[in-house]
Amino acid sequence: MSEDQHAAAMRFIFEAGVLKHAARTGWWFAGVKHPETIAEHSHRTALIGMILAAMEGADPARVTMLCVLHDTQETRTTDLPHIAKRYLAAAPNTTITADQIADCPPAVTDTITAAVTEYEAGETLDAIVARDADKLECLVQAVEYRHQGIDNVQRWIDSSRAALRTDSAHRLAEAALTGQPLAWLTPPARPE
Amino acid sequence: MSEDQHAAAMRFIFEAGVLKHAARTGWWFAGVKHPETIAEHSHRTALIGMILAAMEGADPARVTMLCVLHDTQETRTTDLPHIAKRYLAAAPNTTITADQIADCPPAVTDTITAAVTEYEAGETLDAIVARDADKLECLVQAVEYRHQGIDNVQRWIDSSRAALRTDSAHRLAEAALTGQPLAWLTPPARPE
Amino acid sequence: MSEDQHAAAMRFIFEAGVLKHAARTGWWFAGVKHPETIAEHSHRTALIGMILAAMEGADPARVTMLCVLHDTQETRTTDLPHIAKRYLAAAPNTTITADQIADCPPAVTDTITAAVTEYEAGETLDAIVARDADKLECLVQAVEYRHQGIDNVQRWIDSSRAALRTDSAHRLAEAALTGQPLAWLTPPARPE
Amino acid sequence: MSEDQHAAAMRFIFEAGVLKHAARTGWWFAGVKHPETIAEHSHRTALIGMILAAMEGADPARVTMLCVLHDTQETRTTDLPHIAKRYLAAAPNTTITADQIADCPPAVTDTITAAVTEYEAGETLDAIVARDADKLECLVQAVEYRHQGIDNVQRWIDSSRAALRTDSAHRLAEAALTGQPLAWLTPPARPE
Amino acid sequence: MSEDQHAAAMRFIFEAGVLKHAARTGWWFAGVKHPETIAEHSHRTALIGMILAAMEGADPARVTMLCVLHDTQETRTTDLPHIAKRYLAAAPNTTITADQIADCPPAVTDTITAAVTEYEAGETLDAIVARDADKLECLVQAVEYRHQGIDNVQRWIDSSRAALRTDSAHRLAEAALTGQPLAWLTPPARPE
Amino acid sequence: MSEDQHAAAMRFIFEAGVLKHAARTGWWFAGVKHPETIAEHSHRTALIGMILAAMEGADPARVTMLCVLHDTQETRTTDLPHIAKRYLAAAPNTTITADQIADCPPAVTDTITAAVTEYEAGETLDAIVARDADKLECLVQAVEYRHQGIDNVQRWIDSSRAALRTDSAHRLAEAALTGQPLAWLTPPARPE
């Protein structure tokens, strides 16, 4: 691998740093001044994807990888809220990824291109599970914002839930809606 | 899978939401009032791990998974700065993970336990690459903070670099130190 | 005017509240975690427009109004960074404004439609001055970020300056680049 | 116009940048850690003023200009909460403005002086409408904070409403109090 | 006193600056993204301690000093949430303080060592009052967060209240729970 | 002590919570978007006062108490920047304190009144040391902001330093200006 290829990989890594600053913009509408970032959303999405994959018999590692990548194009477009789609026609995410990782070492380009392509097509079980993870993370965040005082989150809960496709995701959504964010601090006693 | 198991999985997902708030505390020392969160650090660590794995012939998906999990115990301990180790004796991370995912569906518990155990042991190529990703992410962040005006970042660069083990990580570190965070906006022209 | 028309006007006012949260996204690239909001940018743009208008013989009040409105469409699209234009085709801003103020009292709709149309066309002296104010505000903000430690602001200075059209804007830009943000605290003594 | 006059105008523009940082301090009392800035308040005040002017037959452009300027003196005094008036005797705002724009090009000084003087006198229809816009913006913000979980906003709603003088402002206040901040995302269907 | 001793004192002062950045981490669990800092908590704790001391016949100045120092060790350990105690064994705070003020002028070392030792032992009336102030401050903050929309604060109220030892602290806690944070703006009329 | 007196004390404690939100406003001029709060400043001021008192032979506990109280009036006036003094005539701080603690238990009122009166008079050694602590804290913060990239801090350093009166404060200022904020992480080796 050449020095130029390392430089290209590092450019992509620096670019991904933008996701540490870039807000999940839809929450601005609900009144959240400093919403979670795309990186924060993507991290828990990956964790949820790993869990869902184990529950659904998908590949946890593969799903994790799809989830980590699923919003990386938003460095260049920002996180476009749903209403933006009325006014903006977007190039496919695979086009943006191709620009982002051009000139990287071929093994890197091949790995990322394959993963993004699979996620965007949304046809494999791994991709279906990864997409459910994205929606479920949004639903969980909406529940958390409600516990923090934000009262206008129902539309995010409804639209996320309606998009879920796997049985496990539906059952986890049910658990989120009937549970308490702080329940982990005081779990039920385990039977002896 | 029982309803209780879904509730347990959701408790872990809610717990992971703490990583969206919890700061990478070492940066407070350097004067960063609102440093990146553990979730933000972990997301880019996973992306770097994926890239490093492709370059080093490791398993990109597996490494991504190890990276997503690598700091998840910090919901319960916070991110302890290096100097804290003088004053605190910590239980193994595997102990914390065991508490966090107790009562989850067995497939979830097995998947996460195996990944955390592998990362903590640090012996497989995938674990070595994942650990390099953690260090490299810190180095890249230090470079970025320097470009944002923080002048006291050299110790983070030095200690991160000294811990790198793979050749690719060393070469990427070199690229980070000689590059510019904004270079991705104006990449070199590609040969025709 | 009907109650429905007042409700429509209030919907637009609530919508404009999003601009108090929505970031000027390009600064995320430069490493600014919490950049100024679109509302903050727009307020000083309006003040600069008023000043420029007085200097250029345009209508200060009219220019102020064009400036206050110039980014109000971004509630629905976010502030798209320059690089986004490679990937997104956008409807005209006048289309978005029309949706935003539909059903308002006719006097409101007429006033705002005329102002947005004039600004977007960019042909009248008032519109030219308002557009210069937008660019000049960005340049001044870049200078300020540089004084706050952000080192990668030159591209914003260069692109803003290159877009200026009026002589007064060029002279103010020169004053910004050779001045100090804090100079107002200790202005030069006035001749007796 | 001399170079010194341009430098003076730029000093005022830099000074106005303080309004991007300076908080609307009264909200600290209600528990808002990072309230909107004076610039953010002033931007929506200007938009509301423009709308109110159209509804009341005032001059939308002139009112917009008065609103953009109405708190610009607060760079030097901060936004003094109501209770501060018990302890502080303040010079007239026109005195502060005079200091801020001393040495600017005469056309700038004349334009701004006239506008601030008119607003402070509060006698013309344009000034009355601009003052109503200031109060109405505060009321709308209070409603929004309540939807974000802040429970102690009633006093801001009451005092703002009590100060309104125009019929349109009263009707918009009614619409704010009976409406939903998110209503703009799903407006009522328009009759065919 | 030598120059080295002054340098050592200044190192401790710089170190204490970390408390301006370091979060009270337990609130991350309740969903507070940017909780108050340790410095902010400590300041009001000191004020409460002074008040409690006056009410309980303790030494207000001495209690204030104990309170200002009571969390200064957390520069090196962060504010460890309660659950962390399951996983971390900590050195005594007096050990950390000794490291922090080593090499300071002897009068400084003696003063701070004596105060921290007294507080940690918790046996004198001044120490008991200072510890009550710490708990009471947490309770008051919990009440405030509840008024700001955070719904999961009861456990902080309960655990703080249960730890109170003085009668005055119990009565102030009662006043906090039945009062309103904004009551100071409109106190009851005083009898003539 | 009556229930009403406890309620009055709690009103003052709630009021003091405003200092956790209220910014040290002068830093807005230097471009710091979210400066430290008055509570954060006051906490380190108290710590510095304690240290200075030990060095100067003053009463560390008394000085700590004066420092904790020294800006508590700013809940009602905000932190007025220096330039505000041109435009605002302020009542004495003792007047504000009297309003804040009216109706508290007499022991509380007496304690706080005496301390504020002593600080405001500025004649005793304890008051002189406390005032030096206030200035020195500002100087140290300015040095820290400079290390964080803010370039316009010299005026805060100069004005703070010029106001120092005790020899120890001057020597600590010298140590701050020649030292490094991070030096505490790697103190010089101690002689064996």
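Which chain is which? They are A, B, C, D, E and F, in the order written, and residues in each are numbered from 1.
Basically, a contact is a pair of C-beta atoms (placed from the backbone, for glycine too) under 8 Å apart; a residue touches a chain by one contact, two chains touch by 3 or more.
Because the structure is predicted, anything quoted here is derived from the model rather than measured.
**Student:** Determine the set of chains touching chain B that also touch chain D.
**Tutor:** A chain counts here if it touches both chain B and chain D, which gives A, C, E, F.
**Student:** By label order, what chains touch chain A and chain F together?
**Tutor:** B, C, D, E
**Student:** Need the most distant chain from chain F, centre defined as the mean of C-alpha atoms.
**Tutor:** If we average the C-alpha coordinates per chain, A ends up farthest from chain F.
**Student:** What angle, rounded to the nearest 5°, describes the rotation that places the Cα atoms of chain C on chain E?
**Tutor:** Roughly 180 degrees of rotation.
**Student:** Counting residue numbers used by both copies over all numbers at the interface, does the chain E-chain F contact come out same (over half shared) or different (under half)?
**Tutor:** Over half of the interface numbering overlaps between copies: same.
**Student:** Which chain has its C-alpha centroid at the greatest distance from the C-alpha centroid of chain B?
**Tutor:** Here the answer is chain D, farthest from chain B.
**Student:** When the centre of a chain is set as the mean of its C-alpha atoms, what distance in Å lies between chain C and chain F?
**Tutor:** Measuring from centre to centre gives 39 Å for this pair.
**Student:** Could you give the separation in Å between the centres of chain B and chain E, each centre being the mean of its C-alpha atoms?
**Tutor:** 32
**Student:** Pull out every residue in chain B that's touching 2 or more other chains.
**Tutor:** 20, 29, 31-34, 83, 144, 148-150, 180-182
**Student:** Specify the contact topology among the chains shown, as one of line, ring, star, complete or other.
**Tutor:** Drawn as a graph, the chains match no named shape, so other.
**Student:** Going by the touch rule stated at the top, which chains touch which?
**Tutor:** Touching chain pairs, listed by label, are A-B, A-C, A-D, A-E, B-C, B-E, B-F, C-D, C-F, D-E, D-F, E-F.
**Student:** Enumerate the contact residues on chain F facing chain C in the complex.
**Tutor:** 29-34, 83, 148-152, 155
**Student:** Could you pull out which chain E residues touch chain B in their complex?
**Tutor:** 18, 20-23, 25, 28-29, 31-34, 76-81, 83-84, 86-91, 95-96, 99
**Student:** Can you check the complex and tell me which residues of chain F touch chain B?
**Tutor:** Against chain B, the touching part of chain F is residues 34, 144, 147-150, 180-182, 185.
**Student:** List the residues on chain B that touch chain A in their complex, please.
**Tutor:** That would be residues 1, 3-4, 6-17, 19-20, 36-37, 39-40, 42-44, 46-48, 50-51, 53-55, 57, 59-62, 64-65, 68-69, 72, 100, 102-105, 107-108, 110-112, 140-141, 144, 168, 171-172, 174-176, 179-184, 187-188, 190 of chain B.
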